[in-house]
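Remarks on the structure that follows.
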Amino acid sequence: ACGGGETGAAPAAPEKSIILITPNPVGSNSFLQLGVKGAEAAAKELGASFKLYESKDPTSIAQNVDAAVRAKPTVIVGISFSFDDVFNTVPKQHPDQQFLQVDSCAKEQAANLACVSFKEHEAAYLAGVEAGLLTKSGQIGVVAALDTPFVHRWIEPFFAGATSVRADVTGTPLYVGGANPFSDPARAKSQAQTLTGRGADIVAAAASAGNQGVFEAAASSGAKAFGVDINQCGQSAGNVIDNVLKHVDVAESAAIKEIAAGKTGGVKIYGLAEGGVGVNALDAEVASSGCTVAASPDVIAKVKQVRDDIVAGKITVADPLQG
Amino acid sequence: MNIFELSFLSGVLTATAPVLLAALGGLICQVAGVFNIALEGQLLWGAFTAVVVSDVTGSAWTGVAGAIAATVLFSGMLSAASVGLRADPIVVAVGLNLLALGLTGFLMRRIFGSGGTYSSPELAGLPTLAELGLDVPVLGPQSPLVPLALALVVAAAWWLGRTRSGLRVRAVGQHREAAEAAGLRVGAYRHGVVLVAGALCGLAGAQLALGNVTLFSEGMSAGRGWIAVVAVMLSGVLPYRLLLACLLFGFAEAVGFRLQGARLPQQAADAAPYVITLFALVLAAVAARRRPKEAS
Amino acid sequence: MSVPAAELVGVSKRFGPVLANDGIDLAVARGEVHAVVGENGAGKSTLMSILYGLHRPDSGHVLRAGERIRLRSPADGIRHGLGMVHQRFRLFPGLTVAENIVIGAEPVARGRVDQETAHRAVADLSAKYGLRADPAAQVGGLPVGVRQRVEILRALYRQAEVLILDEPTAVLTPAEAGRLFEVLRTVAATGVAILLVTHKLTEVLAASDRVTVLRQGRVTGRFATADTSADELVHAMIGRSLAAPEPRRRSKPDGDPALAVRDLTVHDADGVPRLSGVSFAVRPGEIVGIAGVAGSGQRELLDTVTGLRSPGRTGQVLLDGAPVVQGRDPRVAYVPEDRHGRATAPEMSLAENLLMGEQHRLATRFGLPRKTVRARAEQLTERFAISAASVDVPITALSGGNAQKAVLARELTRQSRVIVVEEPTQGVDVGVRERVHALLVAARDQGGAILLQSSELSELRELSDRVLVLFEGRLVAEFDADATEERLGQAMTGVLP
Amino acid sequence: MTRSLNEPRVLDLARRAALSAAVPAIGGALALTTLVMLAVGVNPADAYPALIRGAVADGNLEYTIAAFVPTLGMALAFALPLRAGEFNLGGDGQMAAGGIAAAALALAVPLPPVLAVVLPLLVAALAGGLVAALAAPLSTRLRVPAIVGTLLISAPAVSLASYLVRFPLAEQGSGIAQTPVLPDAAHLPALGGSGYVTLGLPLVVALTGIWLYADGRTVLGYEMRARGHNPEFARYGGVHVDRLAGYALAGGGAFAGLVGGLIVLGPPYRFVDGALTAPGYTFTAVAAVLLAASRPLAVPVAVALLTVLQVGGQGMEREAGVPSQLTQIVQGLIIVIVAVLATVRRRAAE
């Protein structure tokens, strides 16, 4: 019963706890790893305990949410749109329990559900600008795990960014698919090789565990790649230009701390303006990032300028999810 | 798009190699009368052990050897249970496939500290033939295991068709009692082929994890072992037909990728290899039915 | 007598509740043809399998040329100079005749099986003993007679010093059987010891030097062939004498044909004619026999009459004036030759095997009541004296003779007027044979129109009212029951009378 | 001499035989698993209670049942054709076809309350049956064995369903490929608090009962078993074996399609791309049926065992921090041990 009178940061506050539920096993999924990192960071700062529930399929998501509700933690965090359905109903049934959804928001948002989401498309656009400036052949591509609506936030804006600086760039997306789309690096590599074989010299990876396959394909064919979510430049030194970053950890940990402090509910959207998404080129430490973009100061300058234009509202990046 | 581009053919060969190696293992088992559907699990286990050994020793070739040894051991469970103790090989294989999935996932967390994907700059992959100084088209970008796989098809055809032990393996598969009565050691031959299939799946796994890519990721066999089983069933236990079946599948997959590039939906590309294989099957069967009738 | 070539000493073997061999002693000398006879299930095959190394005895042992030997598998048996021709074929359908014969002792040249040498060796052997077989042919497509020859050639190729033959003549024509016995004589003359298991007492009397009789796993008689008679052997086998054959009662066929075949021509899948212009009729109350060497078109004729196979067919098959129904005509009762492949589902229970064909009749609105199914099965087991632990045991657990009685029980109680019977007594002992024959005659006397195919001429002559002879797909002759075996044999081989 | 065993004794024997296989198998697997746990430093005293709690305690039983229902349905989809001698490995495709058909109907046609559930389920069964039946002529006319035919047809069927949910039937503005939520009338009535146990449970249990009855005590069941044991015997007996292959496969496919429909009409009441196939019901069901080793009565038991292990494994992971892969290892070992024990027993009996 941690509802009742809000005690804020009173010294006698009961032990705080955080439960994070993922839609899939975390494994080497960089996005989920960031989610874990953010929750752990918040727990450390709050002196709270932390538990991770990894789900296997939609049914087990619901099961994990129920188990979490029974444990009555300070906040239950669910990552991704896979929680849209569950968080439509469960928070309403447990008004005393606080929930946080990261990276999406249930349609019928209850007062005890806070949401954090991101404008990935803005970061993808910046990466596209880099690709447009750096491509020699004028052909670029993306290898994504599956053709879901969401993944298009990394595809069309990427191509749009490229054409914004070089009108004749053509972009091709390929999807890994097959029996195990999220964990088939060999197939992802074949896809990337298909792209490079047809002349693409830049391939962005959005293939989960397949990313490493994309980097290998780039390395073997002299092309360059983009990573996703976190800095993946070190995974294939010299072959990765930059990454479409999503600072899930920062946003999530901030949201958890706010909830712990009693500021519950509401939606926070992180874009370039809020520093919730970005590319390594914008970083002060770009030189030590291992990303090859560090060697092109003019590209970095252009990217910074486009970022400023977006923040200032001079450029609007179309969100593919909004039709 | 030009499907005769060399890079395209090379890609087909890369995609085909692990399937072909595993399927060869399945084929010799089939010839000896053991229906081996544990290829998926063994392929995964081979990939995992190849990466572990290569990572520890820093040598890809030791990784290949380790994968062969470890997968032979793994297939020892199949041979002990289904040949030695005469348990139903299909049931045992279903269990072993599950075991391989669980074991690799579990051990991965123990050894590398996390699930998902393991890759590292220190992890040694197989060299390409080009790197070994054999820069020929199509084969140049392949690991030496790819031409080895092709050579093994020829070797298997020769072995089964011409040699004494090959003849005996065929005999054992056709009629167990007859083979026993002819004084052949049925159990020994069946143990043998299951273990050799283990070695081939080890090679297949090594090619997948150290040749096609240089990493391990959970469940990375991704159904290739099942495709190998289908190829075996389509081959009529003839090695060259097996090669054809595997190549057809790899070819159809690569065509699917290209079609995706031409804006066909991903789902169509996913379905392509299966649909093309079905068509090929139906055409072949219809042709086979028509032939004798025309003679009359 | 010098040291026997092979000797079984005090051999016992138990299968579950069945004591198949019970302290059997048996010796066979070099150059001797030694017959082993006995009822179905007497333990003959078991004993021979123990000698060859296929089964291991529970007690007792085997001596070879006076030395005690250890037999863990047939490989050991072969090493000790034993060879065996099995009751059920043990051949590889996908291999060639030559490969089947040389396997286990293949000639090898430069790492490969030397096919040329193998073919030559097989051709030589084949010529030497007059056992024709094309070395290059695939065994799978060969008629049973040829397969039997291949089995025999294999044993000869291995140069066995002790040659065991378990019912080698069950599927041979009389002429082929006669030739086989000549071969055995020749082989024996070279010092080989031969053990011959058979149900046909005429063969025993004609071809052997000595006879051992088994009954319920024990030896009940040892005879020198010259000093014994069929009667004495039967008495030792079944503990009584056979009833004197009843004087043949001529049938009085009456009415319209129940089965009429008109100008029937059948081509196989390759377009080769298997039957050409065959016409005949079977009337109620008669048994019409079909004779012919294996592969003369019997298979196609019976499959067409029963409706089971029909591609490439012209002409008519009429049952009571109406065309036969394709698939399986329910108006025909049919006892097939292939007991395990067609007539039964070996793993299903006796009751369920007895049910086939009657399932729709026994069904109620609520399905097939188990009680009814079992009750009917128990009634049939009783009436046809089928010996089984229960009607719930799988039919494989029945001996060959009992399985055959079960098939007959099922088919003869279908109340079909037309009854097609193939090799009704193949591999069954004299007691069962007597009983089967009585059943068929009774069915005829109740107005059955019976078409009987048998490779045993004595059986055909004993049962049939008329015998039709097939040769190369044509009906070449018709005999009445008094025809001699010699004339029948001539017609079967195309030497027309 | 005919000695008839009386019925109760036969049943008793059968029960004891089934138990005698299960007990040592589970015992052996548990012993091995305990060894594995000890070897990797997991305390079995923590892990096992967590496994049990994860499957049956704290309201988890509902989830175990929620997984049991589709797995049992898929077990029938595999077992029914298997009795007639055909291997149906295409359950995924049949299930996806059923699911998408049910969703399409429920979304496209507004139906009155009861009909809104019944019709989509019927259409789902029909769709699954059709997909499976495609393999029948391949097998009977073209000699492509059903084990290959069903497997090859399954993948395109899954792709087709995936295409439909991604494009024509997609919910606009959603991040994942899924249909909109189905109308309320099409929601399967819930039987428990969480809504995860639905009318699907009694439905599938009833269908299992019907199948068991049909298998053992009807003409169709008898003819299918005869075909499964020896097709030539069945053909000789006048059974239309080719037609029967079609019925058997279609019947199995109908079960799979129905499962797809049940999943879609249950929470979250829509077709979510990949959600039907991701939990691996098809494969678990195949394992369960093979585990039951042609004893139809053992099928539901084997399904229950594997479901408990899988669902419980997630509880074990949550509570005791033991990777749930451990339960995959246990399942694999149980299957192998049961297979071995089955033959050892058979040979002992001989």
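All chains are identified by letter, namely A, B, C and D, in their written order; residue positions are counted from 1 within each chain.
We adopt the following convention: a residue touches a chain if its C-beta (ideal position, glycine included) is under 8 Å from a C-beta of that chain, and two chains touch if they have at least 3 such contacts.
Since we're looking at a predicted model, the values are computed, not measured.
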Over the chains that touch one another, what is the least number of steps taking subunit B to subunit D? 1
List the centre-to-centre spacing of subunit A and subunit C in whole Å, with centres computed as mean CA coordinates. 76
Hey, how far is the Cα centre of subunit B from the one of subunit C, in Å? 45
Could you grab the centroid distance between subunit A and subunit B? Build each centroid from C-alpha atoms only and quote it in angstrom. 36
Multi-chain contacts in subunit D: which residues touch at least two other chains? 155, 166
Going by the contact rule already set, what residues in subunit A reach two or more other chains? 146-147, 179
If we use the touch criterion from the header, which chain pairs count as touching? A-B, A-D, B-C, B-D, C-D
Subunit B to subunit D touching residues, read off their complex: 77, 81-82, 85-88, 90-92, 94-103, 105-106, 109-110, 115, 226, 230, 233-234, 265, 267-268, 270-271, 273-275, 277-278, 281-282, 285-286, 289
Sort out for me which residues of subunit A touch subunit D in the complex. 51, 53-60, 62-64, 66-67, 70, 80-82, 84-86, 104, 146-150, 179, 321-323
Under the stated contact criterion, what part of subunit B meets subunit C in this complex? 162-164, 167-168, 170-171, 174-175, 177-185, 292-293, 295-296
Once bound in the complex, which stretches of subunit D touch subunit B? 40, 138, 141-145, 147-148, 151-153, 155-156, 158-160, 162-163, 166-167, 286-287, 290-291, 293, 323, 325-336, 338-340, 342-344, 347
Per the contact definition, I'd like the list of subunit B residues that touch subunit A in the complex. 1, 5, 7-8, 11, 14-15, 18, 114-119, 121, 141, 208, 212-215, 217-220, 222-223, 226, 253-254, 257-258, 260-261, 265-267, 269-270
